[in-house]
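Alright, structures below, take your time with them.
Note that subunit A is present in both complexes that follow, paired respectively with subunit B and with subunit C.
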Partner chain A sequence: MDKFGFTLSKARVIDLDSNDRSIAEYILRNEPSFRLCIECGCCASTCTAGAYTPFSLRELQILLKRGENEKVRTNIGKCMLCGKCSLVCPRGVNTRNIIELAKKAFKNQETHAI
Partner chain B sequence: MMTNNVIVIGGGTAGMEVAGQLARQGCRVTLVEKNQETGGNVNNWHHLFPDRRAGKEVIQYLRSQIDHTAITLITGNTISGLRHDNGSFLINTSGGDTIAADAVVVATGFDLFRSERKEEYGYHIYDNVITSADLEEMFREGEVRLTNGNIPQTIGIVHCVGSRDEKAGNLYCSKLCCITAVKQAIEITEYIKDARVYCFYMDMRMGGAMYEEIYREAQEKYGVNFIRGKVSEVSETIDHKLLLKAEDTLAGRPVKLKVDMIVLMAGMEMSEGGIEVSEMAGLNRGANRFFAPADNHFGSNLSNRKGIFYAGSCTAPMNITETISHARAAAAEVIDYLKEKI
Partner chain C sequence: MQFDPFVIPFNIGLYFILFYVVGRSIIWFRGLSRPDKLRLQRGFFGKAFGQSLKEIFMESLIHRKILKTNPRLGYMHMSLAFGWFLLILFGTIEADIFGEKHLNHPYKAIFFKFFNPEHGRAGFEAVWAFLMDLILLFILSGLLLAVIKRFSPKVVGMRKSTRLKGLDKVALTSLWLIFPARLIAESLTSGAYHSGSFLTGTLGSWLASFLPANDLAYPFWWLYSLSLGTFFIMLPVTRYLHIPTELFLIFMRNSGIRTGDKSGSFSEVQVYSCSSCGICIDQCQMNFAAGIKNIQPVYLMKAIRNDEDTSHIAYNCLLCGRCDQKCPVGIELSPVRMIQRRESSAESGFTNIWKGYFRKRNHADLHEANGHHSYGYLPGDQSAEKAEVLYFAGCMTHLTPGIIRSMTRILDASGLKWSFLDRDGGACCGRPLMLAGQDREARELINFNSKLIWQSGAHTLVTSCPICYKVFRESYYLDVEVFHHSQFIKHLIDEDIVKMNFLNTRVVYHTPCELGRGSGIYEEPKDVIRHVAELDETEYENENSLCCGGSLANIKISYSDRQKIAVDAAARLTASNPEVLVTSCPLCKKTFSSATATKVADICEIAAEAVADHQLEKNNLSETYSLKESVDIF
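Then we have the complex of A and B:
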């Protein structure tokens, strides 16, 4: 059977019932401005890392909020903490702290400390 | 006998409409305007949304409203003092007059956001970065041109300049800039054949009558491009063009665009004159700095001081239709107040 040529596709739907929101909740507890993003994209527009690699803080934030953590886990390290995103953010989101907290949350999760 | 002297502060759309309505109801009105001519911000607009009526037509209507023997018009004057004395108000003008009134209508309107405050957009730094008001001036003169006299081919329109922006100190949406952008985008393509126009927006707030239809028309008939992303910065290229940077949030990638001209959709702010009046008269203002009405639903013309009323965009961003309705409602409130006063 395993050479039959068919595989099961994983559903593409963002499953809000089963997704893991623990990383987002950890950030929210420690940095309430995480709530304020309106997806304008200014952070990603001005980001040096985003100019050359597929890194968008706007996208990573919404993925965390939806519990789609894997892409964030593998990309969060690209941020160089220059802080330009916080200069342009029209909502005053503390972007740098969000990056730091996300990294910490992922690390805690690996060590089961979250 | 009903005492019926009313002073109206501000001779723009709201002030002129309320003055005319009150005069026809039998009040004696003094209308004070800081500029030499009446009409306020509408004077700067060539054509208006949604039907592109000439701004001049609105001014003509408003001037006919105040063409009444019971209205005394004082232009070129600001208010230098306002005090309450034994049931009536005493108002000093900068020209040295003292006017007694039974009621006051504040119609001090709005100021356009000063776009040079968003330094990253390069207004007053780069040539050919202009505001929506500057573009109206070009429309009035009959041609849209760059500072070197050439005709721009690619034009970028930046939404939300000074609105929805904590860095500019304005958390609120100015509400009229989206539809202004759509109107001006269409007009640009009419002034310049084959012009390519790109609107950079965060949300298209098409909440007014006919707005959404005009937006659709801009896409369908005029080929205006809409990109969902707030412009983060503008720079000048070596060939003296302007480079826009944003994230195309729907495509999920950074986007850049070289254009000949950038039009900034400047938002609306509480007027400086309104702030002076609020301090003079002890009137409450909201966190957005506009006057805070006594009640958002039932008292949008009422202030925290008896006998002082609001009309128009000194309380919140409003279009002309809303301003005129609000001014008419203010007149009704004043008449009720004066009747009860006797």
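Then we have the complex of A and C:
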């Protein structure tokens, strides 16, 4: 492919072999409404923290489902748990529980308890 | 010397429980903080002592609060507790007067009839025997109710009785056996000796007519002693530990000890004082509106006692506080739940039943900070404009712009110099994090907001959100007067700063949990409503108000269950078909809006509509945020 001047854009590669879906699976087990998300972005657009810093639950949940956890791990603590996202969510996703479960899963992963 | 081997099980049980309770009390006392120890000592040797004795009599024996909430259930508890107490008291006196000597060993009072079978034939003795029979009948009637309740809670006026664990069932069976065993043992003895009063005497002579009463009595005396002994030995590992613990709790509470933020002796005593009466289950909207029946305080207390993982219970609660209002023991249920949220209670260690006797203390293992600041992105250099009155809308209010428009209109009409602190959406007040048990993270937000408020130089802070109001009042250390907007509007009306017209609208008022039970603000919003509209009463006023279901305190509940609670609550509140359902919380407004066909409005919206137009023109000094659109909700 390289010879023809075409390369794969790194950002578009989802490498399921190296990705870790355990966090997303842990959340799905404990909060089934995680499945309902249609990635509309209402949560991100109303987010209190998002007004100050690039924090988007829409992005984070896509990354979680892909198993690309690093960005989620460093950003998930920015949430203030104010609850606006769950009020505007058109699908009734329990967003705050997803964030709390993600935090807990990362903490468990650090202590190898998952 | 009156003695028989059958009294041994009773004696073992009695001495075991006495030593256990004394030992446990010493451990609890030593676990108190120094100021609390002093409080308890002062309370014990001071005025609080009499009050505690009175409360023990009224609550632990008569069960006045349960009687008020549910007379049949109250009678059941009263007959068992007060009846048993009377039986012991009068039995002791009986043994003292009519026994072989004064100051007898306790077993002689309990098994008096066995050692004095001839007693109670005539004269004063017969009167006394009549009294003892009457008390026994009183207890047995309560016991009958208890047995019925176990199988059909509705008979005693309860929606649901408490689920029991295995050990509780053993203790319950031995408790249920105690009084029938006594009845039959006494009756048979009376039948054999032709003594006894209206109950034991009659039953006894009937039984003796076709049974060998004298031979049969002895095994029943054994059964009576065994069931007493079993009950006493089971007591520490079952819910019945509440019987001695509640006395300790009453003394502690009357001495001025409160739950606080961390677990300690007092919260532990509260947990063990829960009698699993189940009144909290009936109060809980998650039970009667959404059908969630396993997270009520009684189950939380039980899970803590059994050292189980409490996280799924602790977080699945609206923290509306309805159960706190009705708990007959007066346990501070919501603060105890908050302690559980703050502690990481992941590990469960209840492996064998003997451990129950030496339960480990609850350790306050607070959430560790992540090492780095979570909210480091908040701008450190943001400054607030100077103003006398500061308006903080709050996150939820930003989702209900009608409230912001109305408050702008009212504040403009007041002519006060005001500024809008979070016009472009400021940081959260910190309360949702606190409700999730993350106090350290919440403190960062509190510091950020405090700095802004302090910079503005304001003397008054008005907020539209009861959630913010509670945290501003309780957890911010600020030199400003904090008002919820309903209080502020009342102030404007009382001081004649803003004139309002009367709208011919019939409304009902829903008290938000955080404002009502949370902060004790009940009357001000109603006064404002009465000033501008016609206020109807509902069945759910003040302390008995409902939760809208939207509460931020519950992280676990699903959207559909929330909606069930909202629809149920809205239907109950609008039973009288009002034109508008008024509330004073943006979250309640938003939750109710999608749950009822009735118009839902915030208190400031009806107040803003009532503001006389000419006044707005006269006083409209605010250049920063003047209102172009008119407020029109009806």
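Methods note: the second predicted complex is superposed on the first by the 102 of 114 C-alpha atoms of A that agree within 3 Å, B and C clash if a C-alpha of one lies under 4 Å from a C-alpha of the other, contacts with A are read in each partner's own complex, and residues count from 1 in each chain.
Here is the rule we go by: a residue touches a chain if its C-beta (ideal position, glycine included) is under 8 Å from a C-beta of that chain, and two chains touch if they have at least 3 such contacts.
If you're wondering where the values come from, they're calculated on a predicted model, not measured in any experiment.
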item: Overlay on subunit A: subunit C relative to subunit B, clash or fit; value: fit
item: Touched partner set for A:E39, first subunit B, second subunit C, both or neither; value: first
item: Touched partner set for A:E100, first subunit B, second subunit C, both or neither; value: second
item: Touched partner set for A:T48, first subunit B, second subunit C, both or neither; value: second
item: First, second, both or neither for A:L28, with subunit B first and subunit C second; value: neither
item: Partner chain(s) touched by A:G83 [first = subunit B, second = subunit C, both, neither]; value: second
item: Touched partner set for A:S56, first subunit B, second subunit C, both or neither; value: first
item: Minimal inter-chain CA distance - subunit C and subunit B, angstrom; value: 6
item: Where subunit A meets both subunit C and subunit B, residue numbers; value: 46, 51, 88-89, 92
item: Residues of subunit A that touch subunit C when the two form their complex; value: 33, 46, 48-49, 51-53, 77-78, 80-84, 86-89, 92-94, 96-97, 100
item: Of all residues in subunit A, those that touch subunit B in their complex; value: 38-47, 50-51, 56, 58-59, 88-92
item: Residues of subunit B touching subunit A in the complex; value: 120, 160, 164-168, 202-203, 228-233, 245-249, 252-255
item: Subunit C residues touching subunit A - in the complex, by the definition given at the top; value: 370, 372, 374-375, 377-379, 395-396, 398-399, 424-428, 430, 432-433, 436, 438, 441, 445, 550, 552, 555-560, 587, 590
